[in-house]
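Below is one structure. I have some questions about it.
In order of appearance the chains are A, B and C, and numbering begins at 1 in each one.
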Amino acid sequence: MGNLSKSGFSMFGFTVFALALAAGTALAAGSATEARAATGTSSLNGTVTFDGTAPAMQKIKMNADPACQQQHKDPVLEESMLANGGKLQNVVIYIKEGIAPGTYPAPKTPVVLNQTGCVYQPHVFAIQAGQPLEIVNNDPTLHNVNCQPKLNKKFNIAQPTKGMKISKSFDQPEGISFKCNVHPWMNAHAVVTTNPFFAVSDANGSFSLANLPAGTYTVSAWHEKLGAQTQSVTVADGETKQVSFAFKAAQ
Amino acid sequence: MNWLPPNVSSYGHQVDQLFWVIVWITGFFFFLVQGVLLAFVLIYRAKPGKKAQYLHGNTLIEVVWTAIPAVILLLLTVASQKVWAEIRYPRFAPATSLQIELLGEQFVWNVRYPGPDSQFNTEDDIATINQLHLPVGVPVLVHVKSKDVIHSFFVPELRIKQDAVPGMNNEVWIEATQAGEFEIRCAELCGLGHYRMKGFVKTEPLIDFEAWLRETKANE
Amino acid sequence: MSSASHQKPGFIRKYIFSTDHKVIGIQFLISSLLFMVVGGLLAMLMRWQLGWPGAPLGFMEKIAPEGMPGGVMVPEYYNMLFTMHGSIMIFFGIIPLLVGAFGNYLIPLKIGAADMAFPRLNMLSFWMFVPAAAIVLFGFFVEGGAAATGWTAYPPLSGLKETSGMGQTCWVSGVILLGFSSIFGGVNYIATIINHRAPGMSFHRMPISIWALFTTAILTVLATPVLASAMILLLLDRTLGTSFFLPAGMIINGDPLTAHAGGQPILWQHLFWFYSHPAVYIMILPAMGFISDILPTFARKPIFGYKAIAYSAVGIGAVGFLVWAHHMFQTGMNPALGTTFMISTMLIAVPTGIKVFSWLATLWRGSIRITTPMLHALGFISMFVIGGLTGIFLGSAPVDMYLHDTYFVVGHLHYVLFGGSLFGAFAGITFWYPKMFGRKMNDLLGKIHFWPTFIFFNMVMFPMFVLGMGGMPRRIYDYTQYTGLVHFKDLNQLMSIGAFCLMASQLIFMVNFFWSLIRGEKAGENPWEATTLEWITPSPPPHGNFTGPVTVYCGPYEYSVPGMKKDWQLQTEKPSGNPPR
């Protein structure tokens, strides 16, 4: 009953449908930039490596929906394990402990999750609790965004037409997934953090957390298939420390 | 008249025939009732000095208008039963070596061909999403199933509709009689994506069908 | 509130918590008409989306920001709309209107009783109906919105939190409450009709409307407990994790559901239709009854084949319990079972045919007065016939294999429930309005309401058969997704325009209804020169209904009796001249 004011299907619903301010840029970078003002001078740089043979990524059966297939000349591969020459891509690196939640207000710049060519872009990202997430459908077909987190509010909403946007945010730090039931290969993963210090490893497995204040942190690295690892790291003001994570193929 | 889409199924013409028989019968009674209603209202409008007839009924005519519809409906039931049995009673199903598993899921159709070993869920299976190919002139046994909620496999041109119910394996057979491209339309509300839980059906000569199977397997 | 009730104890007892069957009947009438307006407006939104898929409707963004962001409807909102449209129209519109309003108002008056057998139970029945509707509608205001699984609420879709939200729980709870309301009403009707008939009012002197309401009450009492039980089981599945309707091995959204095993989704359909098919007769039999009262009145002629019509109502009621699985031909149930249900379904067309032919024969050699209620009664026959005949297509299992769950079914059910029940209700309202309120409705406005309603109704509903035959499934948010259905866009636009005009035409009725309350012509006891007992008492009838003892001497439709000066003989008049049958 207390949810009366929280439903948008009603007359009294809250307007979460504030339309997009501007198309977002690179999300992790964007939010880190915003947080820069109030932060320190330390950095954590590093790489994520993968030991073992990565399975070959399957071709996506795009012919399930011609609206998807028409957008791709070449076969599209899955993205769940991208390990190029021992470097692991799409690992979220973030400060798990060492910064009290609430120290850094959530940026207002939205993280943008695109659905383009029936693939989520980006496939993996991080977002600070309270930061808006803008989900955009760039395809001339229906996508539904099905998000069933454990701690945050679940949602499953449809975007039937090209150009539709919705804005959501998450309150609790946790790992969450997005899925489209119309195109079952479509999934995206995100880590909700309590602070703006996070990065996603690139194709070379490298990442950088800049503008950290000096301190001792638990740094976590999370991969959708391989799980999470943590390290304790201490940095001083102005210091740039190298941190590396090594994942092994699941047995 | 093309009220119904073209039929490309071996038993479709029987369904259509029955449909048209019912159109003619109900059409007759439709015009009879509307005509009589209109005529009586026009003829028997109240006129000054004219009294209605004091009449409570007539057993003979009541028996007649009970018996005639009863007989017509009985014949219709018999005719319907004949077609129904032929399509759905397992003992009338044609022998066939080709089987397909059609697994509904919010909001796609998972299609699985058993491959050369005729066994489902083995290495040589051929699986697609939303792509159902059928050979022309070969009866196919379709195992209609569901992963989650109820869906319904409906291809208008094949005159087939079969619900996909979780926990059940509903077997139906179809035989395409012409090559062409059609749509699977989900006919049972299954959630927000129900309206476009769309599959693609291609009926093609057996040789092309087999080539497609090989190609799909090679592409996996 | 409480202080007001102390100051004016009379008002609350008289108009809100009244035990007078007439007040309760009018309460049901007004509230069900209100709910039908709500249901109708929901249909308008659906027709907007179907006529112009994806076109924005600006003002709706404020009313439903999540359902229509930027005024553009999203599919889940469309699903809520048809679910709530169907549920409201059936559970909170037609059933309470035909059974609740007319059953309450007419039964004691027409059988010569002072009130219902159980007046307090009657009041309880109404006051359970109101919160039931409120709970179901409350779904629009909860997280995730209203129920969106169709008025049939098939599990697993409706039985899992993963696939349906809080609104579904509201819906189930509300319908359970409504079930009890119906059962209380039904028990009351049966007891009243059996025990409270005036001296001389034998069963075979009861008006056909009473036969129909009696049969309806029996159907309600036998079928509704099954619905209520099924709903309770569904609620348990949803909330406590039981598995009555949920089988093992389900995978929702990629996650295996291990908590459920052993249930059977088809069981729900059996239980649901065991109620809901008789419910179709609950919704049509009373209307048939009203027509059977109205036709003789305005044809000035006894009804043709009284016993055949009365017994066919009972016959429809009885066979109505044996046809439920014709809704399930394509579920994968044993095809031999399909055969048995096909036979019983075809069988039920016979008594229906008897009624239609008897009505026509009632008009034959009559002296027909075209009044507003008569127009609606004739409209009922004309439209109900289409509903009935199209049912034969669906009763034939192989043809149903093609037409099941297409717009053909939607057309069929609207011809039965709008063309039939609602025209019957309009006939009933315009016919008994003078008795209820002491003033006649304006006849010219009534006719001006009838014609556009009749024309636009057909403009919306008849094309549905074309869509269905063309293979357009029902409950489809955007049919243009299917290349084979894109060409139906023009037709859908035409239907939508018809729907908007149909809705607008109802304004005429509303104006007439309220205007006539104040300005209508005073009715007197018997404005239609009719024969049954409600017409021997003042309009509106006093508390206790009749001013003196009532004794019945003849049948209900003694019109144009030879040798009588006036052409109607009240049931309380002693026969003179030719003894009636």
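By our rule, a residue touches a chain if its C-beta (ideal position, glycine included) is under 8 Å from a C-beta of that chain, and two chains touch if they have at least 3 such contacts.
All values reported here derive from a predicted model rather than from experimental measurement.
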Q) Per-chain C-alpha centres versus the global one: which chain is nearest? A) C
Q | Most contacted chain pair (by C-beta pair count) | A | B-C
Q. Chain A to chain C: how many Å between their CA centres?
A. 52
Q) Just how far, in Å, is the C-alpha centre of chain B from the one of chain A? A) 46
**Q.** Inter-centroid spacing, chain C versus chain B (mean Cα positions, whole Å)
**A.** 29
Q: Two or more other chains in contact with one residue: find those residues in chain A.
A: 142, 156-158, 181, 184
Q: Please set out, as single numbers or ranges, the residues of chain C touching at least two other chains.
A: 74-76, 253, 477-478, 481
Q) What residues in chain B touch two or more of the other chains? A) 105-106, 191-193, 196
Q: Spell out the part of chain A that touches chain C in their complex, as residue ranges.
A: 3-4, 6-17, 19, 142, 146, 148, 156-161, 164, 166, 179, 181, 184
(Q) Per the contact definition, I'd like the list of chain C residues that touch chain A in the complex. (A) 54, 61-67, 69-70, 72, 74-77, 80, 140-146, 162, 166, 253-254, 477-478, 481
(Q) Going by the contact rule set out above, which residues of chain C touch chain B in the complex? (A) 74-76, 78-79, 148-150, 154-157, 163, 247-253, 263-266, 299-308, 330-332, 335-336, 338-339, 342-343, 346-347, 349-350, 353-354, 356-358, 360-361, 363-370, 378, 381-382, 385-386, 389-390, 392-393, 396-399, 401-402, 404-406, 466, 469-471, 473, 475-479, 481-484, 559-562, 567, 578, 581
Q: Please give the residue numbers of chain A that touch chain B in the complex, ascending.
A: 58-59, 61, 63-66, 141-142, 144, 156-158, 181-184
**Q.** Residues of chain B that touch chain A when the two form their complex
**A.** 105-108, 128-131, 191-193, 196-197, 200, 219-220
